[in-house]
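Below, each structure is written out as structure tokens.
You will see chain A twice below: alongside chain B first, and alongside chain C after that.
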Partner chain A sequence: MSNFNRRKFLITTGAIALTSTLSFELAHAAGKKLIVGFLYVGPRDDFGYNQAHAHAASIIKKMPGIKMFDEEKVPETVAVQKSMEAMIRQDGASLIFPTSFGYFSPHVIKVAKKYPKVRFAHCGGLWTKGKHPMNVGSFFGYIEECQYLNGVVAGYMSKSKKLGFVAAKAIPQVLLNINAFTLGAQSVDPSITTRLIFTGDWSMPVKEAEAANSLIDQGVDVLTCHVDGPKVVVETAEKRGVMTCGYHVSQAKLAPKGYLTGAEWNWVTPYTTIVKAAQEGKPMINFLRGGLKDGFVKMSPYGASVSANAKAKADEIKNKMLAGKYPIFKGPLKDNKGKVIIPAGVIQEQTDIKLESMNYLVAGVMGQV
Partner chain B sequence: MLNEVVPSAFDFGSLALALFAGAIRIGTPFLFVSLGECLTEKAGRVNLGLEGILVCGAMTGYAVSLQTGSPWIGVLGAGISGLVLGAFHGLVCSLRGVNDIAFGIALMVFGTGLAFYLGTPYIQPQAPTLPAFALGDWSTNSQLRNALEINVLFLVGVVLAGLLHWGMASTRWGLVLRLVGDHAETARALGYRLIPVRVTATAAGGFLAAVGGAYLSLYYPGSWNEGLSSGQGLMAVALVIFARWRPWRCLFAALLFGAAGALGPALQSLGITSGYYLFNAAPYVLTLVIMVITCRPDRTISGAPGELSLTR
Partner chain C sequence: MRIFLLRLTAKMLPALPTLCAIAGALLMFVVFLALQGKPALEACQLIYVGAFGSGFAWENTLQRAAPLMLTALCVAIPARTGLIIIGGEGAVALGGLACAVIPMMLPAAFPATPALLLMATAALVAGGAWIALAGWLRQYRGVNETISSLLLAYIALALFNHMVEGPLRHPESLNKPSTPPLPEEYLIGSLPGLDVHWGLFWGVLACIAMYVLVRHGVFGFSMSVVGGNVRAARLVGLPVNRIVLMACLLGGGAAGLAGMMEVAAIHGSANSALLAGYGYSGILVAFAARHNPLAIIACALVIGGIESSGSLLQRRLDLPGATTLVLQGLLFINLLAWESLTGWLGVWRLRLLETTRNPNRAVHA
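Then we have the complex of A and B:
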């Protein structure tokens, strides 16, 4: 019996040794192809954040010399570490795109330290030199430019001069969007206010519907949102006959009557830059940002109901943004408690890294951080 | 500055209206799930799997409505999926040595997982949704008009609560159900078979919970996605205890929980913006408070079925 066990042991270990060398050779053979892994926090077709990423990933997949793997619905817990390690060890991925904000710290950092040869391009995180490993990078888009343009169109179209914003959590990126949307509308009419409701999490359909309904009950006639899937907000607004500005991807199909325009991601641009750098063996791009003029973000086509002067004004500002001559945050700027944030005459450039730690709401927003 | 926001006098009428509308809109799934759980527990079993059945019902209802074009067939399809899962719980828990609470948790995970797995293709398309009665057309106030848009399923739920209340109190099958749940020995001595009664009650409870799920995906918020349930199925268990196992009280408890769910968004829209974390958590706080008040180890809860593993 003991003999048999020993033989079995030999067979098993032999098999393991064989498969490991084989897989090593396989990985070697695929060496010419860059193996890229994408991770999304939600489903690929959520009409929102994850769909924007998955759509861009499907374009990367078609690039020459690329082998792509992706995994959806990976929670922002230790589960994402396991998924990343599986992509590295089993699929041989050497470039990983963890696309959700909450993946960054500690999960991406931890795995990146363990696999220094693998590149990690995180979406939305704030990579800091000296603090984070060099094989990690973060990329993001200045979507607040599009939110500002949303605000301009909303400002022209609103009759009640009350706008509504359904937000998930009070993090800097969300506050940036709320403020930019409000400032855009106020550039049309300074008396416009934005009513804000926080639902507490990225996907809370019942709360989102309830928030949209309460805002509409208070006389809001243009709604927008920053949640993972804007479907519920857009559908609720359409049902009740108010207008909406979209977010993440175009929701025009969901609201043929009320959809004005929307702020959309164009992740293909940063993806391509990072993938090309990896293919050409250039160092990891640690910090990558871009707005309208860099093609990181784009606007949905205008809805049928948008007036000609709204389009003209929005296009005029968009052209200035494309020329890099339209900073959104400039003095005099007060927050909604009356405190001066930016004194008169001072301009905070789009690329100012301090904007990514925003912690206030501008005057005219009814809400609290 | 022109755009300084000055909070005007607080609009209590608007808040009351928002809570009223929310009680019905958010409360309806609570009503169905709690009626289902009430039925199950009256027979002496606890089905924690209703959360999974609810999610599965939401997915099935949406999918069937999309395929057939009729939301009512969707509701029926959801109900059948709940019936099957409920019967599964009932049958497995009839085996010797199976704990109904443990299996309920397993069923919760199973139902949710199954719905997520099968539901992926239904996140994006728009299915036909359930109709509502516009009872407020006489009013010029748009908030009132919207609040009085009462969905058909809510009315069905109210009628059902009344029927179950009457049925349990005054009919023969109600008596058998209560006897099986209260005192199995007596029921057995009188010649009633426990297992068929319990399996039927659990299956019917599953049917109702799944209809509650279909309400979520087919009426409010009216689309299928994975974050759709925020624990309604689990909270309904607390709700049944709060309602002291009386269907009629389930209705009021469901409305109370619905109103609690509407509190956070309603207050924020009216300009009460501080402490929104707390108001958003109101339904969960309410659940906790109810559990603390009603579930003390030193006394049994009045009205609890005697065979329930919660009380035994």
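Then we have the complex of A and C:
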């Protein structure tokens, strides 16, 4: 209980009184460090989306010349506007990473217009020239490449030829992952199907468990998901003796037996690029995308149960992707209602911005948008 | 002077359980942090700095308190007639949705003032009708209103999500399904000289209006009679069902208005970010205020302040984001526990007034 002595109390209150009024000046006087703020929508340790960001942020924190502040569980309301402003005004932050998609419009746009000298690097948004301020940028990764590789491994390992996908919402980013996963599996065996359940929101633990159980009851033997925290799905599958492919970060610890591999973010790469640009005084990077070959995404190490030929095939495709020679979406491609989406001979490159407005499910996915 | 002080004390006695609860919650919070080895006093200091320590902190607090005032009324007004309504979140959702739908039905270049009036009316009606439904179920079907209002809120949220992600979804809202954005001129701006939107003004106004109605209006008095003793109310010929429905309508309308303010002043369209738990925080505010509309203003400031201080606690002390939730939880438990003082309050009040009366008599004699 050493915290209760009066001297310490006076010191801290005095320090707080000082920092609350002078923080801006102090921050700038303190050796020209770049002050960076990170905001996450969920908890830092969710075994998912937010953990991927928080982990990368902790690496940025150790970079020379950096002072880092972060906040978790910041809702996509006026709260995020105020937290960003507080980082700017109380900590002197000049680079902010608002990492949830829902922060972009209107919150980031509004605060960015108010503080034109501060840089805002938003994750997932689609920054458009002329429409959005120049001190804002958006970055994202082609995680569907990893989802495709997940599908390849799942395709080799599945005996029932039925795969399961628990998804949050029918939005382009999610549909892209479901389709890539399914196409990867079908590259192994075209008869493979993916059963799909939407839970309706990003963090719905009870519904995620119900969906996982229901899929397993339908005979699914490899399960994956796109929700904020894959913990519940992976643990449920492990308990029922079913294999899983992970998402966001590695969930191998949660499923030592059934974890095959996983699609992981490697946010350190875009973070570092953006931080360096700010440190060197270069203009804000307004649009930044990258996949496997750029180091924006990576695969979890293979689980012990993955067969040798599954590994060999997945590695072969991965090497092609690393060489930039493996587009996932190419004709002929039909959706699950029989409509031709991409005619034969047409290739949609990974960098095609049209992929970011996907609104269909490929043939073989049992579910609807 | 002494008499004046005694009278004032007698008047302020109803605030005693809340003050005790705040003190108790803070004490438990300090012990909780100290047991975890965290600097407890510094945390308390930061809560104050983050909530009320600067102009920016005040704006932050006021902004967060604004919707809570309106959602707290959704609990407090029905509570005057003896109903415990906890489904305000549903009214917020439907109010926000109604407000976002109106501009879609208006002709282009429709003037802003009547459009905003229509949006507000739609939000009031949508929120009010939803809570009135819970009141109707209780009065005419004998369904417990606490349960039904909560379940109705789940239905409202599902309906909201379905409409926003389905029929009403704007095709350009790709990864964040939303209704079409409100036209620029329909957006509600900030109060003059403050970075706080007009929702604060309407929240305070609604609380004052409800206070006048509850304390000085005939209808407010009849609500108290219904809440105090339904049989007595029926015996004197009060239209109990109509009064209960009206109270639900008023409360739900206030929550609907909160939804409208969030949509028109912050989000610019209806989407799931609106469902941030304002309806549930309103329950805490209303109970802290002991269902007194004027006290709601103060209690909303306290809760809004706690929420806005969370940011500073995380950045200065590396405390987890749930810290402010722990404090709010402790506050709620303490409120319920200290509520047991209520029975004694009447006795103490009488004693206090007795001492003021006796010296009076002595002077006149």
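FYI, the second predicted complex is superposed on the first by the 342 of 369 C-alpha atoms of A that agree within 3 Å, B and C clash if a C-alpha of one lies under 4 Å from a C-alpha of the other, contacts with A are read in each partner's own complex, and residues count from 1 in each chain.
Note that contacts are C-beta pairs under 8 Å (C-beta built on N, C-alpha and C of every residue); 3 or more make two chains touch, one makes a residue touch a chain.
Everything quoted here is computed from the prediction, not taken from an experiment.
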Using the touch definition from the top, say if A:E356 reaches chain B (first), chain C (second), both or neither.
-> second
Touch check for A:P43: first (chain B), second (chain C), both, or neither?
-> both
Examine A:S187 and indicate which partner it touches, taking first as chain B and second as chain C; both and neither are also allowed.
-> neither
Name the contact category of A:Q348: first (chain B only), second (chain C only), both, or neither.
-> neither
Could you tell me if A:G200 is touching chain B, chain C, both of them or neither one (first, second, both, neither)?
-> both
Does chain B (first) or chain C (second) touch A:T273, or do both, or does neither?
-> neither
Does the superposition put A:G367 against chain B (first), chain C (second), both, or neither?
-> first
Would you sort A:S214 into first (chain B), second (chain C), both or neither based on which partner it touches?
-> first
With the two complexes superposed on chain A, say which partner A:K73 touches: chain B (first), chain C (second), both, or neither.
-> both
The shared contact residues of chain A with chain B and chain C are 43, 73, 200-201
Chain A-facing residues of chain B, complex | 1-5, 7, 14, 17-18, 21-22, 25-26, 116, 120, 123-124, 126, 142-143, 146, 216, 220-223, 225-228, 230, 261-262, 264-266, 268-271, 273-274, 276-277, 280-281
Report the residues of chain A in contact with chain B in the complex, numbered from low to high.
-> 42-43, 45-47, 73, 164, 186, 190-193, 195-211, 213-218, 229, 231-232, 235-236, 239-240, 254, 334, 336, 338, 363-368
Complex contacts: residues of chain C adjacent to chain A = 34, 39-42, 45-46, 49, 53-54, 56, 60, 63-64, 161, 165, 174-177, 262, 266-268, 271-274, 276-277, 307-308, 311-312, 314-316, 320-322
Sort out for me which residues of chain A touch chain C in the complex.
-> 1, 3-4, 9, 12-13, 16-17, 19-21, 43, 69-79, 82-83, 85-87, 89-91, 101-102, 104-106, 124, 126, 169-173, 200-201, 356-357
